[in-house]
Structures are given as C-alpha cells and as structure tokens.
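Each in structure tokens, the structures are laid out below.
Shared between the two complexes below is chain A, which has chain B as its partner in the first and chain C in the second.
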Partner chain A sequence: MKDANRNELTIEEAGRVAALARLKLSDAELEAARFELARVLGHFRQLETVDTSSVEPVFNPQDSVNKLREDTAIEGLEREQLMSLTEYVKDGCLTVPRTVD
Partner chain B sequence: MDLLKQTAGGVGLLLADRKISSVELTADILKMTEERDEVLGCLITVDKANAMKQAQAADDLLADVGTGSLLTGVPMVVKDNISTAGIRTTCGSRMLEKYIPPYSASVYSRLQKIGAVMTGKSNLDEFAMGSTCETSALRLTRNPWDHKRVPGGSSGGSAAAVAGGLAWYALGSDTGGSIRQPAGYCGLTGLKPTYGAVSRYGLIAYASSLDQIGPMAQDAADCALVFSAAAGPDKRDSTCVQDVSGSLRAGLDKLNRDVEIVLSGGSVDKISLKGLKIAVPAVWREHALQPEIADVLEKTIKKLETAGAICSECDLPLLDESIPAYYLIASAEASGNLSRYDGVQYGSRTQAADVSDLADFYSRTRAEYLGPEVKRRIMLGTFALSSGYYDAWYLKAQRVRRLIKDYYQSLLADYDYILGPITPATAPEIGTSLEDPLTMYLSDIYTVAANLTGLPALALPCGFDKNNLPIGLQLTGRAYQDADLLRTGMAWQRETDYHLRVQQIRQLGPAEGNTNLFAGGGNEKIHQSLTGVAL
Partner chain C sequence: MTYETVIGLEVHVELSTASKIFCGCPVTYGQEPNTKCCPVCTGLPGALPVLNKNVVEYALRTCLAVNCEISRITRFDRKNYFYPDLPKAYQISQLYQPIGRNGWLDIEVNGTKRRVRIHELHMEEDAGKLMHDPWEDQTLVDYNRCGVPLLEIVSEPDLRSAEEALTYLEQLRGILQFIGVSDCRMEEGSLRADVNVSVRPAGSNEFGTRTEMKNMNSFKAIGRAIEKESLRQIELLNEGGRVIQETRRWDENKDASFPMRSKEDAHDYRYFPDPDLTAVHVSEDWIDQVRRELPELPADRRKRYIGELGLSDYEAQIVTGHPVISGLFEDVYDLTKLAKDTASWIMGEYLQLLKDKNCGPENLSLSAEDLAAVVSMTAEGKVNRVTARKVLAAVIEDGVKPQTYIEQHGLAMVSDASLLEDTVRRVLAENPQSIEDYKNGKKKAAGFLVGQAMRALGGKADPQLLGSIINRQLSEA
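Entry: the complex of A and B
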C-alpha cells in the first residue's frame, strides 16, 4: 500500500495486520479480509485529495492533552470483586493454558 | 395501556401527583415486555427483580414530597454497553456474553440517584459497531414501525424499546450517529450531546475521542429531562472534569424548569423558532437522497421559515471526506480499546487445548468470540496505526478532521444551527445491509461530523416516506449549548405533530403475525388514522 498506485494488499501484509491485531484468521478469512480492506482503503483514498500540508491533527474535540489529577489514593474495586470476574483462578491467581513444558 | 401514549414527563407528573405508583407501572411494563419483546427483540437482559426494587425505591422517594424528579419511577432501558453493577453487560458480543460488571457507569449512578427504574439492557450492534443493530451476536431487533425492517444502529434496541412501548426513554451512545440514526428510523427524538457533557465512565469504549452517551425519547422535552439528569462533571472521565459544564448546567436547570411549566400546561416564551439563524448546506441536495427525504426537508425549511426562523443556504466542504476520516479514526481507536479482550481477566476465552503460546491464546480467543464487523474494524484500525501507514492514513484523517472542525466552527459563528438529514434513506429491510460494509459505512455521511467535531446534534421527526416510515431532521448546534438545542427541538415540536405518531405504534404493539403495521396485516384503521388514506 506504500505505493500510491497499488490498490491492493498482499496476503503477507494482511497476515501482518492480523498478527498485530491478535486475530487468528484462517487462510480463507485472511483472503477475504485482504480484499475487504483493500476495497475500503481504495475508497478512503479520497482523503489524499485534501490539502492538509499546514494543518495540525485533532486528537480529541477538546484539543486537550494529558489532564492529570492529583496523585492521591482513591477508592477502587476490591481484589475479590475483580478476581470473581473469571472462573480461571487458582490459589488466588489467574490461570492461562500451559504453553511451556 | 393508555399510559403508553404519555411521554416520560407526562407519566412523571402522574407519579409525582401519586395518581399512579411506580410499582404498579413497572409491573405492567414488565408484563408488556414479556408479551412484546419476543417479537421485537429489544432487550438482551430483563432484570425484573432489579426493576421492582428500583420501583419501590422510587415510590418511597415520591412519598417524601419534593425529593423526586419528573423521571422518578418512570421505566426505562439502558444500552447494553453502559455498565450496570451486578447486571450483565454484554455489548451484544459473545466476548462479554456472561460479563457482570462490578461497577456502574456514572450516568447510570446519576439516574439511580433520582429514582430511575431500569427494566432491562437494550440490544446494540456488537460493541456499537454497525448501523442496523444486525451485527449483535445475541439478538435480532425489529423496527416497531415495520417488523421487516431494522431499527437502526447501533442503539437499535434502545430506539425499538421506546418506539415499541417497552420504555418511556432510553440511554444510547453515539460514536458516529448511533443515537440519532435509530431515533430517526423509529420516529423518536435523540440527542448526541456535546463531547464532554456526559461522563463516559463505565461506557464500554469503542472510539474514545468520539463516544458520547445521550437520551432517546418520544420528544425533545423528555430528552431535556433525561439529558439534564445525565449531564454533569465527573472526575472519573477526563473529558468531563473541567468546568465547561458550569454554563451547561445553568442552561439545563432553566430548561428543566421550563419543561415542567410546559408539562403542567403553562407556556414559556423562550420556546420559539423566531429569529433563529439556520444554515442549510446545499450539498445534500446534490447527494443521493431518497426523494421523499429531500421533499420532506424542503417542506421542513418552509415550516421553519413560517415559524420565524431565517434559513440560508451555505457550503459544506468535506462532506464525502468525513466518512473515511471517521472510519479511520474510529477503527484506529477501536483497535486499541478492544485490545483488552484477551480472555485472561474476564470475558470469554478459547477452549482450544493446543495453544502454542500466549499470543496464540489471545489470538484464538479473539478470533472465536469477536464478530465479523468488529474484526473488520480492528483490522482497518490496526492497519491505519501500523508502522509505515500511520502518517498516510491515521494522521491524515486527523488532519482532515481539523479542517471539518474549523469549518463547522466558522459556520456556527454566523448561524445558530446547521440543518440536515440524518440518513440518505429510511430504515432498510433486515438482511440487506451487512453484505456490503462499505455501502453501510457511507450511509453514516450525515451523522459522523458531529462526532468528529464534538458538537451537539439533535434528531427530530419531520415527516414520513411512502411506506409511512419516519423521516428525521438533524440540527447541529454550538458546543455546550445543548440546552438551547433541546429548546429549539421543543419549539419545532410545538409547531408540528410528527413526533406524536409513535404514540400509536407504542399503543398498538406487535400485532400477531403482522410484519408491516401499515401494509396489510389487518391494521387498515390505524393506517387510515395516520395517513388519512384507506388501504
């Protein structure tokens, strides 16, 4: 896609995006995603016609940056409440499947 | 139930005068919900015990004279991406199908304090990503005006619940039109408030620089009551802490008093269209707009002028470009916000026995439990933020956003409001939108600018198409002038009666075996009463 004239995504590029997104897609899903993404991006290319050379981006409507509160402790949720959100708890710790022997 | 014809404020008055009790009213509406929701599919979760407990608390509050508000004891529903402690909050996703949040959204807590009664959590497009409510993994919601059609999205369950007579008002969320568009499709009034007016703490995030919570109801006066209760500073949402809400609050308190006067049969001078300067972008006249919508809008302009408003044509550059800007930004933010669903601390997780490493575990969990539209947007957003593409796509979109924001600001220096359609067409039939995502994205063309700019926008009924489906208009106002916007909505509704038609839909409910309330199905009388035309 770096090439402005190329309106498609290779299967490798689509695979890279899926890996970054932590989505395990089958080959067929990846193939479909590649075409869908290319089609949408092909349309979205119309942004290139807008001159934004001296324009600052807007990251939020209030143009606010790093609003900080005072660094004091506030009441939060109890550990037990949070641990009760999953059934995968052992000895007070979260568990995940074994992936190393 | 005759009370279904009433607005939330109307029912609130009866409750405040102790002519009815919230416990009885809530029991009735729960029974109604049972009868109707099998067909309409508005609610993902109905919590009767919670509703009855809240109704009792509301009655107690009302018994103590002067402590209630006009919403105390009035049954409502909350979109299922707004956290409710102890009550399942799914986002319409299999990922959160069993998730019970340990804390409540600030907006829900605020409503609880004034004695709100929530009967259930309403359906939505999965993680609020969709324009029809059809991407929900958990329910199919039907439009109460015509069961073949979608209620709109993403707050489709909220809209269908109010239009279908299951609630007097609803909370929705609006990231790119998700309150206004379903309100339009269902003949309701809906407000996307100014960014920062309502706390999003506890709203399950989709796109944080665009998300806003707002009211959906039968008219602007009800929206004013709900918005007034929902808005206000919250130290838990950094967009909502600064005291921009000072001026917002003063306007709302005044508006609230005026609503009470109007509901009690009095009249208020300030509710008028006279002298309002309204910008009418010529550009939508050249766009593909359903002919009846174009017609209705021209008539709307004439009516506004007759009532004393001054409508002037204006330019609206970058209308087409607002769609790519919106979808790139929203998807980029979504890809970050939804990265938290990894199956470890809460939510669903893969049961695969052969995961190779943690990344594989996350990736399988997400692939198994997120739906196609959510995956599509995560892919788009991840792409737009990825190394080598960030500047050309994501940053480019944010720069175009600046141009759109600046233009709207300059327009609102000269005009009080910007008028436009909500959607290019009325509600589509179920099953016709999802196969072509790009076309679905393009249908958001008139709503996304309010989110990109942060400005408040109000959807109001203004007519009907040839199938008697509702058509809405949209007014965009100045930042933090939400109270004035709602006041103008009330003035419009004093001049017109389009917003009243939904009363009949609410009253009627889903007739058995009837897919279109107006075409065939034995409702000729209703059709005739609404249109003056015999079938």
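Entry: the complex of A and C
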C-alpha cells in the first residue's frame, strides 16, 4: 500500500473544495483538511488498482428497486413548527441576506 | 454577412400530481407561504425521499408523446449548489440515466416542416420561491414549491427563428395539456423555458458561442428575447467583437437583456447518484399500459379533422389548440355532425368570449349541448347568426337553455315570405333615392335596403331570404 503523498492534492485544490462547501478555513485548518483529503484520495487510488471491467456498478447498497409511493397528498408541518426552527422570519417566510436575482 | 440564429430550449413543466415528487405534501399554487411543507421537502436531517409513482407515469406518458426512447433503468442524481431556495443544498435531478432520450417533435412554420430533436427528458424537483423584501435589504423564502415535480425537456439546437421556437413551445404545451400531465399555466410558472441563443454565418456548420436566458415564462417575452438577443450578437460580431458565453436576464419592461452578475465560481454541481433513492426499473408491461391509456394526441387529431371532417389546416390547428376546446369541438360535432359550422363558432364567437372575459377555456361554463343547439339552430336557419350570438351570451351569463331563451324573447327567425315581401315593399317605397342609386350602378344601395328591412323586422329575418327578395323587388322596380 502506497501511503498518501502530501503532494497529491494541492492547497489550491483543497481551497476550491472548501469554497464549494462554503467552508471558511484558516491556513492551518486548510492544510489539515488537505492532508486528510489526500489520504482519502489515496484510498480510492488503491481501489482503482482493482480490475472492475467485468463488474456491474453498484449505485445503492440495497438491491431493492421501484420503491414508489402512491400519489396521495397528506398535510405536512404547521408553518409555526417549521418557522420555529429559525429566528429569521418575516410574514410567514424565512429571511436570508438579499440574493442577486 | 448574413447570419443564422440557432436556438435550443430547455422547458420545465410542473406536473399536476396530487402530491410532491418525494413526499406527500400537496401540489397547489397560490397558498400561504410555507404551509405545504414537511421535513422531506425542507431538507430536515434524517428525512428520506420516496418517489411518487404518478411522476414516473406522467414522465412515461410524456416520453411516448414526444417520441423519446425510454430508459429501462432510470436513476436520480444529486445536483449540489448553495442557494436559499434549495434547503437541502442539492436538487434531486437526473443526469446519468434520465428516463427519456432521443425524442422529436415535428413543427411547421410558413409551410416549412422541421423535425426538432429532443436530447433528453428527465424528472426533478422544483426549488422554492424567493421574494425580495421591498422594505429591508433581505430576501424572503417560501418553500411551498420545493419538491413540486418537474419534467425538464431539453431540445437539440434545432430551431432557427423566434417563430419556430414559439411554434415548438405551443406544440409541446398542447401535447402536455392533452395528455393531462400539466396545466401549463405560464403565468403561474408551471411552464417555463431556458432559452439558448447563438448566431453563425449562414451556411456554416459550426455553432457560435451561445448565451442563455433562464426562467422565461411568457411566449411574448421568449419571442422578443430571441429576436433581440440574436440581433445583439450579430451587431457585436459585425463590430469585430465576440460573444461571451454567459447567462443573461431578460427585462421585459426595458425590452432588452442584461448580463447577470456571474458567480465567482464557475458552476461545479458535483453530481453523484442519490443514495437515498432506489433505481426505477421500467418494464415493457408498464410502458404498454401507459401507451394504451395515452389519449389521441393533437397532431393525430388534426390529421383526422383535415382528412375525415374536411377542416382546413388552420381550423384544425385552432380547435386542437387546447384540450378543453378540442373536447368541446368533439362533443358539439358528435351532436350536430356539422364540422365546419362547429369550427366556425369555436374560432369566432367562442374564442371572442374567452378573450372578452379574459379567462381560460377551463373556466368558461358552456355545455356542449347548449353550443350544439346554437350551432344547429343557426345552420337550420331558425335564428340568424347575430341573434344566435345574443343567445349564446345569455346562455353563458344566465345559464338559460338556448331554446327557452329564443322562445321567451321571440327571437325565432322570420322566414314568413309574405311578411318579408310586405316589409321590403314598404322599405323600398320609403327609400326612392336608394332605388335610383341602385339603378345607377351603386350596388351598395341594396345593402342599405337590406339593413333597413332587417331593422324593421327586429333583426330576426332570414338574411338570405331577405336578400333575395330585395334583389328581386329591386330588379322589378
């Protein structure tokens, strides 16, 4: 087993992954994340060495298919219940900082 | 240099199922914000989606109606992005194994037929609705629309003008309404389109750089936006500039499009198969069953109306424009066996009524029996058309039966030849100048006399009979 090489994921790549996940990391945290992510990638590289050309891909650990529900409407949450999960509420709506349209 | 415009459309249709795609919340429009939500559609931790069977059925129906190949195994994928209208931070959509591929629709514009290929058709969930707070610098979020089932129908860039794009959309809308999968109310956003436009030198086989205008929800705006955007690109190229691939926002009031502030990151949706949902296996039996239940499609209906009922292309097009109108035509025709007359009433008075009342065909209460009575009585010469129009209006306003209304108001057409002869004689006697004019070649004078006689008879005369009597008496005068 080849150990995860520190240089297999650049700090820029790690920064991009963090940005996509909306994570604001300090330099030290980013370096730690880069190191861990590089190790994860190392595990996948190890898996890549196995010949899977004759194996069907598995998308889901369960074998079940066609888990479907009938089209019946039921009532969900009361608005007060839903809105009690946040303090940012106005006129029955959740509020967020202004978005571009 | 002459340029050719190239257009591709991504159409989003909200399905009119009873419940949402992955949870039991009702699919309704215009409710109080955040009252049709549950842990699944608001992405609360631990909630798990279960696919609505009807969504698959509607998707299969649509695949068959737009000639798509149906995937026997279809799956859902997660499209990841952060936006406040998407509480899970991913949209459940289909990327790798969409339910339909390689479909087509045939359209005809100004006598030219074109086959518009459909790249793919997939199922996904809608996002919530964002409203800008007019008082504070913030945005209000309503999750009611989260999880409303959508079909996305992606065309190939096969359209070449705004007119073609609108014809394709109209045709697609007609099909979706006929097969009952969506009400397609553009003003409510249940049909919206992303419009991709590029231009290229005429005759070129390579595509130019395209721009995209998202979430357009009126035919008028789509038509204008395509015209203006292709002009903008052509002017840019003629000035030696180049088109940038970007998303633009169409501003209907300013009649122009503007670049949207591009996000700092290029889109990276990091699609991956959704582990919370199982694959859907579509059996031949299932497809056969959906095919058997598929109603006659508008294109087939048009063919039948032209071939068997003798309607013109135009008439057939109009009466198959909406399932309610088409149903009305079918029922009235069954009762009257008068295809041309029925089409004429629907295209004339009926559509005018919808326009005057500013309502959709589904909101006008008019039974096929009542319209059939009006059409028949007019065709049989029992009432003239002007009177029949009044009858139709009364039927709709007051809910009376046409026959009753005609009897109560004494509107039955006067076909009593001796009464008409007497009236005409009197009118001629009162208008010697018109007779003089007529003899001097002013044929319009006869029309004036018909009008006078008709007025004397309270508008109830059989116009053809009256006309022939006037002509005869004039030639004898």
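Basically, the second predicted complex is superposed on the first by the 83 of 101 C-alpha atoms of A that agree within 3 Å, B and C clash if a C-alpha of one lies under 4 Å from a C-alpha of the other, contacts with A are read in each partner's own complex, and residues count from 1 in each chain.
Basically, contacts are C-beta pairs under 8 Å (C-beta built on N, C-alpha and C of every residue); 3 or more make two chains touch, one makes a residue touch a chain.
The structure presented is a predicted model; accordingly, all values stated were derived computationally and were not measured.
Q: Have a look at where A:72 lands relative to chain B and chain C in the superposition and call it first, second, both or neither.
A: Touch status of A:72: second partner only.
Q: Per the overlay, which chain contacts more chain A residues, chain B or chain C?
A: B
Q: One more residue to check, A:22. First (chain B), second (chain C), both or neither?
A: both
Q: Does chain B (first) or chain C (second) touch A:55, or do both, or does neither?
A: In the superposition, A:55 contacts chain B only.
Q: Under the stated touch criterion, which partner chain does A:91 make contact with: chain B (first), chain C (second), both, or neither?
A: Touch status of A:91: second partner only.
Q: So, A:82: does it touch chain B (first), chain C (second), both, or neither?
A: A:82 contacts both chain B and chain C.
Q: Which chain A residues are contacted by chain C in one complex and by chain B in the other?
A: The answer is residues 16, 19-20, 22, 59-62, 64, 67, 69, 77, 82, 85, 94, 96-97, 99 of chain A.
Q: Which stretch or stretches of chain B touch chain A in the complex?
A: Touching chain A: residues 99-100, 102-103, 195-196, 208-209, 235, 238-239, 241-242, 318, 320-321, 323-325, 327-328, 335, 339, 342, 344-346, 349, 353, 355-364, 366-367, 370, 375-376, 378-380, 382-383, 386, 388-389, 393, 395-403, 405, 437-438, 441, 452-455, 479 of chain B.
Q: What does chain A use to touch chain B in their complex?
A: Going by the criterion above, the answer is residues 1-2, 14, 16-25, 33, 36-37, 39-41, 43-44, 46-48, 50, 52, 55-62, 64, 67, 69, 77, 81-82, 84-86, 88, 94, 96-97, 99.
Q: How about chain A: which of its residues touch chain C in the complex?
A: Listed in rising order, the residues are 16, 19-20, 22, 59-62, 64-77, 79, 82-83, 85, 90-101.
Q: Show which residues of chain C lie in contact with chain A when the two form their complex.
A: Listed in rising order, the residues are 17-19, 23-27, 32-39, 41-42, 44, 50-56, 75, 80, 82-84, 130-133, 137-143, 249, 260-261, 265, 268, 270, 273, 275, 277-281.
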